[in-house]
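Shared chain: chain A. Partners: chain B in the first complex, chain C in the second.
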Partner chain A sequence: MISLAGRDIQHDWGKYVFTGIGLGLLIGVTLTMAGVYRGMVDDGKALLDNSGAELWVVQKETLGPYAEPSSLNDDAYRSILAVQGVSQAANVTYLTMQVRSAERDVRAMVVGIASGEAGTPGWPSYLVAGRQITRSHYEAVADVAAGFALGDRVRIRRHHYTVVGLTRRMVSSGGDPMVFIPLKDAQEAQFLKDNDAVLQSRRRTSENPAFNRASVPGLLDAVITSQSRNPYVNAVLVRLQPGYASDDVAGSIERWQRLTVYTRPEMEGILIGKLIATSAKQIGMFLVILAVVSAAIVAFIIYTMTLGKIREIAVLKLIGTRNRTIASMIMQQALGLGLIGFAVGKIAASFWAPFFPKYVLLVPSDTIAGFFAVVVICMLASLIAIRAALRVDPADAIGG
Partner chain B sequence: MSTGIRIEGLKKRYGEGDTAVDALKGVDMYVAPGEVVGLIGPSGSGKSTLLKCLGAVIEPTSGRMTLGDEVIYDNGWKIKDLRALRRDKIGFVFQAPYLIPFLDVTDNVALLPMLAGVPNGIARKRAVELLGALDIAHRAAGMPSQISGGEQQRVSIARALVNRPPVILADEPTAPLDSARALTVIQILHEMAHRYETAIIVVTHDEKIIPTFKRIYHIRDGKTVEEVGEGRVITGAEHG
Partner chain C sequence: MKRLPFQGRSMAFAAVLVALVALFAYVALRSGPLAPIAVTVATVQSRSVTPGVFGIGTVESRHRYRVGPTVAGRVKRLMVDVGDQVVAGQLMGEMDPVDLDERVRALDAAYRRSEATVREAELRREFAQTQAERYEQLLAVRSTSQEIVASKQQERQVADAALVATHAELARAGDDRAALVAQRKNIRLVAPADGLVIARDVDPGTTVVAGQSVVEIVDPSSLWVSVRFDQSSTLGLESGLPTQILLRSRRGEPLPGRVTRVEPRADAVTEETIAKVVFNSILDPLPPIGELAEVTVSLLATAPAPVIPNAAVQRVDGQSGVWMLVRGDLQFTPVTLGASDLDGNVQVRRGLSVGDRVVVYSAKALRARSRITVVDRIPGAAP
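So, the complex of A and B:
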């Protein structure tokens, strides 16, 4: 038996293929949306991986440092280092802001890293060009996604930094590229005020009789000095000694330091379950809508194609064609449309994904799930056309 | 041995109660193997209903129909698989050819034996032979859209004949054709009926082809009246 579906497609292949391409672009958008979600999750995991930490010590009862503001004294790491099982502890600050370079500015997460050497928690784990930060001030390592080149001068708040190294896939959970600078600079950047504000602050303090007492010389200077420095960091990143369980060490730190500590699974839960949950739901809604729209389009196309062949279907039924042969013809055409659409969609998504400003991760499991979803959608969408075809009366071919 | 088609007291009622309409009120008809009869009548006389009953696409209300040696209807269908009956025992030629546009000429004809389970190669061979008999073998590889209306109608005749059915029902087969082509088509039907021992019923309004029938059934108000026709032979000069 010849393939009626194949012959019908072959007869008007241009229209069929172009319809498939149109559907494919829609499927490509759907796959890309899934890729956007996967990219967000991957960005979140990359953020945790790149920190090089096994524990995140943050301000008590906060979800910091990524999901909520967190503030710790910058000497807290010393007492954390004394906790049994802690191998390394390093301060870190995170500040998402605009980083300017020449005529353009880039949205970036500025990371203040403690002094030390490569391998210190918080430091970029590897470089693709240049070197790590070696000076105490005004050097930066940037993710290549920021678009900076070695030697570029970038401005963060009022200071300029020289880009001495480039790294890759060091991004925030929002996909913003990271720019690493020395911790002291970052602390200053977080709290640095403009000169007018500093002047006003000093004037207010000096006019406050509680701080400006003639009987206590040096008090005013001490207060002003304390107002001019920032002794806070957002978190302390902790690495464990071999053989110690993260939950046990986290428990010790929480108990003795009166701080909140998150393990890797807990931090993943915060990032994926809380920080990007709304975005994930948003994307989920888009995926559902796109799936419904795709199904509606396939159903509409196949239904229209079937209605265009009503007379032929009546003739086929009159001359003895089985209903299942006709149903199979329609379903094969729907599946063929879906397969063309899927192939085009996959190619399109793979082609345009790198051009997205944020990371789009097309994972094979999503591709496979997408394939089966397309098959199921096409099968369901063809049912309306099949129903219409099976309701055609063979007597319609005779007329009268 | 084929014995054509015989219809006795065939009735068809549409609807029930006060709104019931008797489309056929006891039709009697017989067409012998190799014979072509005309079925003529005004609009609404029951021609299409009769054709649909004969074609096993609607069920008569009562009566009896015999196709070849087989009683197919006797106050109820005697055949379970009407689809197979239509495929194997009844050929259809329509007012318009209604060829399947996405199949080439050969496959349009070969489709019927293929549907009956005949291997593709054998079905195509049979189709090509029949197309040759109808003088359109040279169009065998063409698509329906690439051939003329007259050629399309020949292809539809080939499709009706390909399973060697004992009866062919032709519903105004010459309606869309000019005089010459109409005469050619009706002559082909006569030749094929003779060659394949097929009983052919031609529903027509076409005054040009009515004289070619030896017997004509007039249908009026759901009843048939048999009349002897001229049985005129078409000459070569009249062909399209």
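So, the complex of A and C:
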């Protein structure tokens, strides 16, 4: 049996393929948009994965440290370590700021990590080059997305840091690359302003008669020293001992340490449900519209393609071709177009995704869902076209 | 003629389809979860590491003198200024004596008066002595009464006592004066040692309280760096170890030094151990006191043991370990880490042996079933 569809395609295969490619680019855009949405959610999850924590201890009644500012004393971790079920607790600070290198500056999330060895909560979990931080000051590990190279000297506030390691996919929920620096430096960077501001604040203190008292030598120095310290961190990251439920330990820390504790599902809820909710919905809305538009365009293309052959179909009918044969021809062509389009779309999306400034995550399940959606849309569109084709009067072949 | 172009067309169409399928397969296998993860691999070697401790500190002076008055008063004059060299015993300034000089003069007069009183008492005693002797002789020839002689003898004893009292009074006046003169000397601000003036806190005319510093002197030959080390890395830190001191003003020019003392008391709040590091030679010019310095202490080299880069250490299911490559498959091996150096090499106490191949860098987080491809460098990571 000869394939009518194949014959027809071969008759004008260039047009058919180009239609398919055009359709494919449209599908590619839709897949990419889905990837952008997934990437956003994944950025949020990456932030949680990277911290390596099972519990986040933050200032009481805040949604910190990512969604709201939170600060707690840097010795709070000691009492948290004493809570039953806690295996590791480490201070961490987060500060989104501009990090300057020699010729440019990058928006980055500066993470202050507690001293220790690799695997301490908050440390980058894997590297792509260089080494982890070994000195307790002035070394940095940066995400490759920041564009720094090993050995670069970057400036954070008034100190210079040497980039000793590079990592990948260590991003904030906003997609900013992370720069890891030792905790003490980060505390200072978070708190200490520029030198002018420090001087001004000293002058202000020294002009306050309550602090600058001649009868109490040394009082002013003591006050200024206490002012230029920052004993605060943004959160304590906690890892649990095996066999302890995170809710139980969280409850006991909340109850006895008077702090707020979030577990991983709660933190995901905060990040995805609150922090990126609006932008994710925005993208989601756009994705829905794009999908509908793509479906409509696919339907129109197949419909017009069939209408363009209406005279040939009339001839086929005239020579007594069965309706089933005509219908299957149209259906096969529509599906073929859909398959070409899907393949082109997937290829295109995979090739251009890495060039996006923010992460685009092409999830296989999205791809599979996209495949079935394309097939279903093509089938539905071809049904309309088939209906039009079957209703054609064979007499048109002679009449028109 | 008619078949060939038709076949040509189907060939072209088939070629396009094949290309498309091939590209699709390539994309599906090379990106996404099915794609192999690029990793770099290192072989565990046995060698010793030289652990280092890194800390920052400030330049300080071991001997620091804050000179000021011991009683409240007003500064009268100051002869030295910041940057001046002084020698021990040099007069640097003086407090306003107010009425001290007058009081010394008054005590001088009181002293002279006491001397006159002594003289008077001596004369009285001499006369009483003479009188007593004379009446005693008269009594011997029975030309006076016993009673009168007794009275003259008593007068002599009174004069004796009066003389002792005036002598004591004279001594008191002398001591009073000496005390005041000592006080007068005390308001002079004298350099207690050779040194450099680093602060002149007040100017003449200012009233200062007792104990307030007026001039501050340091001994330039006793400069050292007070360094704070993170407590978690100070195992093995002891006095005598060689160090490299990098002053903030002399970047790229490390100065040799050595640890002279590890403070027995650490900072419990900042979780730091404090040590004092001295320069091997006296610097010229002197670095300003308070300048920031980065100090690297080299500890003793350890015995050879299996060494891996610290980038290889990862944490999986609550355990520190490395991804080991066993016959091309990934296998997570928990390890116990030992000494490490500042270049990122860490010794493994337990878990690995020499010759094992471990994953150092990976393009993504690894799992036991990840497909991997071993490369020299992770693509996209600048060297």
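Definition applied: the second predicted complex is superposed on the first by the 364 of 400 C-alpha atoms of A that agree within 3 Å, B and C clash if a C-alpha of one lies under 4 Å from a C-alpha of the other, contacts with A are read in each partner's own complex, and residues count from 1 in each chain.
What we mean here is this: contacts are C-beta pairs under 8 Å (C-beta built on N, C-alpha and C of every residue); 3 or more make two chains touch, one makes a residue touch a chain.
Given the structure is predicted, the values throughout are model-derived calculations rather than measurements.
Once chain A of one complex is fitted onto chain A of the other, the partner contacts of A:Gln10 extend to both chain B and chain C.
Once the two complexes are laid over each other on the shared chain, residue contacts for A:Asp247 go to neither chain B nor chain C.
After overlaying the two complexes on the shared chain, residue contacts for A:Arg311 are found with chain B alone; chain C is out of touch.
Residue contacts after overlaying the shared chain place A:Pro394 against chain B, while chain C stays out of touching range. Of the two partner chains, neither chain B nor chain C is touched by A:Glu61. Residue contacts after overlaying the shared chain place A:Ser125 against chain C, while chain B stays out of touching range. Chain A is touched at more residues by one of its partners, and among chain B and chain C that partner is C. Looking at the shared chain after the overlay, A:Asp105 reaches neither chain B nor chain C. Common to the chain B and chain C contact sets on chain A are residues 10-11. Contact residues on chain B toward chain A in their complex (touch as defined above): 47-49, 51-52, 55, 57-58, 83-84, 86-88, 92, 94-95, 98, 100-103, 107, 111-112, 114-116, 120, 143, 159, 171.
Within the complex, the chain C residues that touch chain A are 6, 9-10, 12-13, 16-17, 20-21, 23-24, 27-28, 31-34, 52, 54-56, 207-209, 211-213, 229-230, 232-233, 269-270, 294, 309-311, 313-315, 318, 320, 337, 340-344, 346, 360-366, 377-378, 380-383. Chain contact summary for the complex, chain A toward chain B: residues 1-2, 4, 7-8, 10-12, 311-312, 315-322, 325, 393-395, 397-400. Across the interface of their complex, chain C is touched by residues 9-11, 13, 17, 49, 52, 75, 87, 115-119, 125-132, 134-138, 144, 148-150, 164-166, 168-169, 184, 214-215, 217, 231, 239-242, 340, 343-344, 346-347, 350-351, 353, 362-364, 367 of chain A.
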